[in-house]
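Consider the two complexes below, in which subunit A is the common component and subunit B and subunit C are the respective partners.
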Partner chain A sequence: MQTSVDRRGDVVTVHIAGSVDGLTAEGLQQVFTGELAAQHHNLVADFGGVEYTSSAGLRVLLATLKQARSRGGDLRLAGLNPDVLKVLELSGFTTILSVFDTVDGAVKSFGGRG
Partner chain B sequence: MTTVLAVAVSVLPVFLFLAALVLIDSYKLVALRAILLSIIAGVVAGLASYVVNVQLRPALDLDPAPYSMYVAPVVEEALKAAFVLYLLHRSRVGFVVDAAIHGFGIGTGFALLENLYYLRVNPDATLWTWIVRGFGTAIMHGGATAILAMVSKTLHHRPGAVRLYLLLPGLSVAVVLHSLYNHFLLQPLLATALIVLVFPWLSIAVFQHSERETGAWLGAGFDTDQELLRAVRSGQVSATPAGRYLHTVRSSFPAEVIVDMLCLLRLRAELAIHAKGVLMMREAGFDPAPDPALKDKFEELRYLERSIGKTGLLALHPFLHTSTRDLWQLNMLNEA
Partner chain C sequence: MTISPGTTTSLRVPARVLVVGDAAGDRDTLCRHVQKEGHFAYAAGPGGEALERLRAERFDLVLLDVQMPGMDGPGFLEALRHDAELAQVPVIVVSADMDVIAQCLESGAHDWLPGGFGPAMLRARLGAALDRRRVRDARSLRREMDVARNIQRDFLPESLPVAMGVQLEAALHPARQVSGDFYDAFVLAPSGTIVLVVGDVCDKGVGAALFMALFRSLIRASADPVGGGAIQMIGGRRTLVRQSLEAATPADLLTRVAGFTNDYIARLHGRTNMFATVFLAALTPNTGQFDYVNAGHEPALVIAPDGAIRELRPTGPALGLLPDQGFGAGEGRLERGHCLFAFTDGLVEARNPAGEAFGGARLQAALRANDTSAPTLVRSVIETLHAFTGPAEPHDDVTLLAATRTIG
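Now for the complex of A and B:
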């Protein structure tokens, strides 16, 4: 798994590529934790390059969402492939996580902050 | 001493302990309605115990003291165990934690009835009496049945009929604890203090262990269900063990039943992912709303099971996850 980060206004996008599984989830958690520690609470996870995410990856998303919201921010997802989106829908995660087709859409959804 | 104070001291502690057990369960495994049912079952067990004890003691020609030490614990714990047996039989218990909550709930109902009865027949008893009954006897009833349920759940893995001998170890422990308490080997207040000090620590240790186990089961199960679903959705199920197995049995079943078997595998995987998703969200501190589409999915599940028939389901058994936890998670969703 590889990650890169870019910032537009006060919205930080974490671009993720590869598989998010038990081996790589901790690395992703560290990226999000680092952004939250740097007071970046409006986060977008770009899943455009993610082929597969295991339960470990989903737990990272839930933990980050919880932390971001507790600090007045949010975590939004963008560019999910149909398989990953289906799993998120089936598990009910889309009832608490906002999902967008594109990174632009997700960034703009934060209003004037992007 | 006022009746209100006597009721509060004798009844409230056990309910507060039960509430604490529910609160420290981060997965919220037991719904409020199910807890209430366990409490009611405990009240019913208390009524049945009263009837049996009133008949049995004269029949055995025993004085109250030896009867309360050696016979009453057997009668009362066995009657409380009946609802634990029902819960296990119906796959309503998935983990040690929910077994403990159900067990303590049954003991709470039992203690509620027993203490209200004592309040009625002993209205002039001192505050110490009600402290011992509220913090000691009532917690002992809850704790003994919680231990019975936890031990029985640990020994019972397979769904369906619960073998009665699996209940015996838990029942024996509960009876011994109950009997020791009734022996008053320690001063009543000392015994009460011991229970109040030991039970919370024991509960926390058991809950922490069970939560680690639940987390591991959630992760591994979610990934397995997801893999099966991906294979079915992508049309690559024939490459999986389940697909290869279906290929070998296709001559034994009509084509439409084989199709329904595939649909059942897919639907069970979808429901399992949903159930585990709900638990993962609760684990993270979210409280997801019930999904209104679930009702239709369960109707579809029942339709598919009817269509496939008992023989077909038996043939599919190796690939339908049917451990007690797999069935429990479906019950959890169905009753949400």
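Now for the complex of A and C:
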């Protein structure tokens, strides 16, 4: 798994590529924790390059979502491939977090401050 | 003392070595020798200073320099042995005096180096001591994990209930020594309703195993307060509570169990961000009628003898995500020969050596290949799975639970 980060206004997008599983989930958590520590609370996770996520990856999303919201921000998802979207739908994650087709849509959803 | 073959390989992993002595110059020289062998070396004065450092940080080895006459090697070693934690750290004594060395070995030192040792000798002694420690650590960890695995077995039913008209079978194959998967099956008195549970705690290993025990207990205690003993808490109102529970429909019971378990985990353990996907069903053996709650879990399947398959899809999110989630219930009926088959995603996500997933299509083919008796279905799915994955290490726990109606 690889990640890169870019920032538009007060929205930070974490682009993720590869598999998010038990081995790589901690690395992804560190990226999000770092952004939250830097007072970036409006987060977009770009899943465009993610072919698989295990429940360990979902746990990272849950932790980040709760932390971002407790600080007045949010975590929103974009670019999910059909298999990954299916995992999120089955487990009920799509009912607790917002999913967008594109990164652009997710960034703009934060109120056009991007 | 022989040089073990593992010595050179073990040196590839750098160790943290504390060099203890009362002459700063000698300590620094020893530190440099240790660093040249690829390890991290730290220096400390004798007595309290070294003991404090050892208590504060983790060291793999102590190199005790007793070359100076003022240094009380045996005294330091005695102090180490009286501390349960520190007694585990191997000590190599450095001295030119054979009497001092002998005293130190008697006081618990593991090995020794003569004054004026060369790099080959240092490498051999460090390597052997570190190897021994690693073997001991690994053994003790394995023992602990065996204990955990045995205790965890107690959180699965010892045997499946035997009920007229319904045949049950289950299998759980952990990917590691302990599992985040669980299943349960129990009969509610006096209605005879069979409650079936298959759950999968997020992630794997020890953390998931601890939460497996919690999820299973919350579900069992809230679904069966009479059998589970929770009703004793309410004291004198036992009869009334029993009546009110018996009046609840199975669907009500299951949605309450899901809501209670969800809120308990989300509120009391929210910081750990653990959750579980769980399939719950309440089956009435006489009629074959069943209700279910699917909390974010893989759809359970109802397989008819003619090969028709119905999916029981989620009726709510996984348990423990956020408090106050709504859970719906679904229902169905098992005719004679119909099987209710619940499983965890470790089954469909299992991969063969080429990296392909077992997948839903292969599962459905395996379920249609034989008759729908519960033992046959579980056995044939497991056999098909193992034939598919071959000798590959399982990457997730696999759990199956089958209930087939034999009358009606």
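Keep this in mind: the second predicted complex is superposed on the first by the 114 of 114 C-alpha atoms of A that agree within 3 Å, B and C clash if a C-alpha of one lies under 4 Å from a C-alpha of the other, contacts with A are read in each partner's own complex, and residues count from 1 in each chain.
Please note the rule applied: a contact is a pair of C-beta atoms (placed from the backbone, for glycine too) under 8 Å apart; a residue touches a chain by one contact, two chains touch by 3 or more.
What you are looking at is a predicted structure, and each value in this text was computed from that prediction instead of being measured.
In the superposed pair of complexes, A:K86 makes contact with subunit B only, with no contact to subunit C. In the superposition on chain A, contact is made by A:S55 with both subunit B and subunit C.
Of the two partner chains placed by the overlay, neither subunit B nor subunit C lies in contact with A:R71.
Within the superposed three-chain model, A:I96 lies in touch with subunit B and with subunit C [touch as defined at top].
In the superposition on chain A, the residues of subunit A touched by subunit B in one structure and by subunit C in the other are 22, 54-56, 58-59, 62-63, 66, 90-93, 95-96. Residues of subunit A touching subunit B in their complex: 22, 54-56, 58-59, 62-63, 65-66, 83, 86-87, 90-93, 95-96. Residue ranges on subunit A touching subunit C, taken from their complex, read 22, 25, 54-56, 58-59, 62-63, 66, 90-93, 95-96.
Every residue of subunit C that touches subunit A in the complex is listed here, in rising order: 200, 202-205, 270, 273-275, 277, 295-299, 314, 316-318, 321-322, 325, 396. Residue ranges of subunit B in contact with subunit A, taken from their complex: 218-220, 222-223, 226, 229-230, 233, 270, 273-274, 276-278, 280-281, 283-286, 288-289, 291.
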